[in-house]
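Both of the next two complexes hold chain A, though its partner changes from chain B to chain C.
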Partner chain A sequence: MAGLEIISDQGYRIDGRRSSELRKVCARMGVFTQADGSAYIEQGNTKALATVYGPHEVRKGRGKIQHDRAVVNCQFSMATFSTGERKSRPKGDRRSQEMSMHLRQTFEAVIVTELFPRSQIDIYVQILQADGGNYCACVNAATLAVIDAGIPMKDYVCACTAGFIQDSPLLDISYVEESAGAPFLTVAMMPKSEQIVLLEMNSRLHADNMEKVLDLATQGCKDVFAVLDRHVRDHVSESHALMTAS
Partner chain B sequence: MKEVPMSTCEREFILKAIRDRKRIDGRQTYDYRRLKVSFGMERGCCIVDLGDTKVLAQVSGKIEEPKKNRPTEGSIIINLELSPMASPAFEPGRPTESGIEMNRILERNIRDSRAVDTESLCIVAGEKVWSIRADVHVLNDEGNIMDAASIAAITALSHFRRPDVSVMGEEVTVHSPEDRDPVPLSVHHMPVCVTFAFFDQGEFLLVDPNRSEERVMDGRMVVGMNMHREICTLMMSGGMLLVKEQVLRCSQIATVKVAEIIELIQRALDKDAQARQAGEKCGFAESVPTNKITTNRKEATAIDTTAAAQQASQVIQEAGPVDKPMSNMLVQAPGTVQIGEGLVNTWDVDDEDMESEEKEGREKSVTNGREAVATSKPTERKRPVKAVSHAEGSDSEEEETVMLFQGDDETKSTEEPDSTALMQPSNSDKPAKKKGKKKKAAQK
Partner chain C sequence: MIFCSDTPHLPEVAVTILSTNMAAPRVCVPGERLFSTADCEAGPGTYVHHGYIYSCLAGYMHKRKTEGKELSIVEVIRQKEDAVPRIGSIVTAKVTSVSGRMCKCAITCVERTTLREPFRGLIRKEDVRATEKDRVEMYKCFRPGDIVLARVLSLGDANCYLLSTAENELGVVLALSEAGAQMVPVSWCDMQCPKTGSKEFRKVAKVQLQQE
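Coming up: the complex of A and B.
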């Protein structure tokens, strides 16, 4: 892939987007019947599924019970067929454990756990196709799933990546751009209050460029929020229409 | 072993101190603890002391086959070990979540930021490459393992020398250290992590939290930076909500701190290089200072007392006439003096009677306008009771021995200064008060 430029002369990226454009977001809520809440999201070619069970009684390990709030349990796994080459360890390796922990911390900060003492909320996320922005797709899918489950949250959590290649910030990094070695920043935030829940950065980024990239990521999160919010409202009004019609 | 939970009052105390911009160990908010970098005999072995946190890093190299998708690059592996040796809170075996997070941050900091050039580790493309492994062991956990580990890892990688390899056609010869001098790794830059601890939902932040501050904090942010002001890694998590300005401010603070730390690392590396070159002994045995008290003996020192005697006589002369005869004083026992008449020796009467007497005495003294208050029960002290002055501006604040007797207040008000005090009765407030406090402290 040596000949491929990340940004062409006209300012188009490999997939034809401009530097501050998000990939196409498709979302579906209520995909599974067993789970209390479920959602499926596609961000470009990255596909993620999320299911939420809870709040229910703490099953494993009575030591985990918190007397004043609910325990959030997250599990992240990538399907073996999700990457270009077959992935031998879908979960249990360090990267997956780190992702699970980050997801858990993100949602513990956002879900109003004080309403459900001594209970547990399970969030399971599965990546079906990984094309960059895995963590973001997981967070967005899990947000929708938690909303579908009816668990109260302080605000939506929207996540987005922003990178810095050839002196210009790029929004929503795809896998090709990621593997080019450029620095990229993953931000999960609550869009209305602009409070950052999780911040993660890889590779080298000069401190002066930090603000630009952070601003772009914030803007990206707000755009994602707009899409998700519209989808949730459509979904709810559809379901309502179906219920009242019959 | 489960960690002992922190008591609420200790937690509140630490939080309150932080809100007052104070830290328990006396540091400023952006101060690091004492940082010491030392090296072992082997190349690539480094111990970092950050306050009491002790971390050891050892780098080793092996020749292996490269990864399929990267045939011309060697590999760098960083492994962080949290053993129960560091703290009873760590369990042997599987690493905890926080251990994994720290490991990942270290990996991202050094490996993903290309601190060490992996292309130079290639020997024969597609067949043989160097695989460099840095094992970081935490020896003692007193807070902020992350920073200490990052310093240890990058310093050890800079200190390490790998055997020289020459390739002649198909032949690969690995030269032993005696044959040819080992070759250093090519370290492009030195990324160092700076940890920020947040309290009160991001309102207060500290740099380099120690163990108790870590247990009380809301969340943390780790910023990995190098000398060129490039952020190599950034991790903020822990259920805390921050805004953009806080993140930017932290990166600015990190810039300053990283510059200091890297300077220190450079100095340590240079010193070690000089020592090795000069053929001096180097290694841990040399770097750990010998804190020994071999003997403790004091000579009898002669004190010049001539001036003291003169001063004493002067004081007595200037003391002036004594208004009331001091014959009131009765020495009951060594260290116990009674001034004034006591009706009865009430030392072996019931406590109740003593308390009521004490209270009466106190009330009377308060109503009289005197500031002195008896501070403790007589049964507890054999020495004369020192009065605490809550003065509002009374002129004579001489120390007095408050006697617990139902005597008149008049006698109290004209009591003489304590016989044990060799100081002049002065009328000005400040000096007397100071002396009083000093005496009180001395007594205590």
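Coming up: the complex of A and C.
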């Protein structure tokens, strides 16, 4: 990426952020009435939509039934218009399948599945616009949707990326920064207990720098949590106000 | 009918919270630490981790005192409540098909909550009534379309919940006659059509009004 400065001399990134700043997060809960829970999130230009159905009976593939807990079924898809170049198939390719698997692992860890034996919980996430941090946007949207559906969770799961570009750690990297080829971490964690649910690194990073990047990603997750928490509290008191008014 | 109201039902506690003009109830989010287990007991909507009670839902915290217990129970209540049939709970079901050995139905309500989608249920011949079990004739107990109150016996196999109507209060509560009119119960095993006066056999439930 010659000629393209990821960080300027003044310490600003291409989109004008400082190295430890998140992109603007906008969220809405309960966007669909049909689904049991739904949420929409924008993290900068990355936009994701999540819907949750269930817990309901296990459909298709009775072999999946777990007699002591619920099974979590996740499906990740990307709208054909979400990327710069039009995608030929929105779901089912190798990367989407991997993403679905990661989402499933993440949410199996935080949902209290033991409460719903022999049931299934469906989480469908779609990326409407991709600008880096797709997994993070999906996790954050799905967390809101699960909360909206009233499915018991041990804690929120918040996800954030952190990269290491030009010898400095960068928080919440965008598509341009992602494609610069530098290593970056994707972290999903439970912000209150600080337990890491998922950690993924896409290329090699020197062990000395690992801690710095991970600390930054952890801080990012907590920042995301603060935003999501505010949205959830607003949503709960808003629906409370609606109910008392009616 | 108490059990199958069409409006989504609010748990009573939520109603009391919402109707009384107390100080604004505390909003909880998943993972929020509420109390130590030494002070309170964990109720629905919470979980215990390392000696503390945490919320696992987004909703309102409520402390409930029960008799005979020293500690009050903490629970987190949402406006929308969803239910899953549990062993021993009373369900409202609609009969979908009847055969000589069993009767299939679609569970539409659990206790006082209306389900958003039905669960499959099954009443076996031997679970229809408590007495003279071996002389039960399925066709004289249920017809497709009847609304039945039943108790969940077991979670059954992978396909169905096993239901039982072997109690006086359980059985058919609403049924249409051949003529299409809603029948009135006349005895434990008969219902009469007000239009034609003909009697049809049913396993009639003695519906008990619940005191509010």
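Everything below uses one rule, namely that the second predicted complex is superposed on the first by the 244 of 246 C-alpha atoms of A that agree within 3 Å, B and C clash if a C-alpha of one lies under 4 Å from a C-alpha of the other, contacts with A are read in each partner's own complex, and residues count from 1 in each chain.
Keep in mind that, in the parts below, a contact is a pair of C-beta atoms (placed from the backbone, for glycine too) under 8 Å apart; a residue touches a chain by one contact, two chains touch by 3 or more.
What you see is a predicted model, and the numbers here were worked out from it, not measured in a lab.
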{"item": "Touching partner for A:D36 - first (chain B), second (chain C), both, neither", "value": "second"}
{"item": "First (chain B), second (chain C), both or neither touched by A:Q105", "value": "first"}
{"item": "Chain B versus chain C as contact partner of A:S8, first or second or both or neither", "value": "neither"}
{"item": "Partner chain in contact with A:D208 - chain B first, chain C second, else both or neither", "value": "first"}
{"item": "First (chain B), second (chain C), both or neither touched by A:I196", "value": "first"}
{"item": "Partner chain in contact with A:Q97 - chain B first, chain C second, else both or neither", "value": "first"}
{"item": "On chain A, positions contacted by chain B and by chain C", "value": "190, 193"}
{"item": "Touching residues (chain side chain C, partner chain A) in the complex", "value": "18, 24-25, 27, 29-33, 45, 47, 49, 54, 56-60, 78-82, 84, 116-117, 119-120, 155, 158"}
{"item": "Touching residues on chain A, where the partner in the complex is chain C", "value": "36, 55-58, 62, 65, 112, 116-119, 147-148, 150, 152-156, 190-193, 229, 232-233, 235-237, 239-240, 243-244"}
{"item": "Of all residues in chain B, those that touch chain A in their complex", "value": "69, 97, 100-101, 103-104, 108, 112-114, 221, 225-226, 228-244, 247-248, 251-252, 255"}
{"item": "Chain A - residues contacting chain B, complex", "value": "85, 94-95, 97-98, 101-102, 105-106, 108-109, 181, 183, 185, 190, 193-208, 210-211, 214-215, 218"}
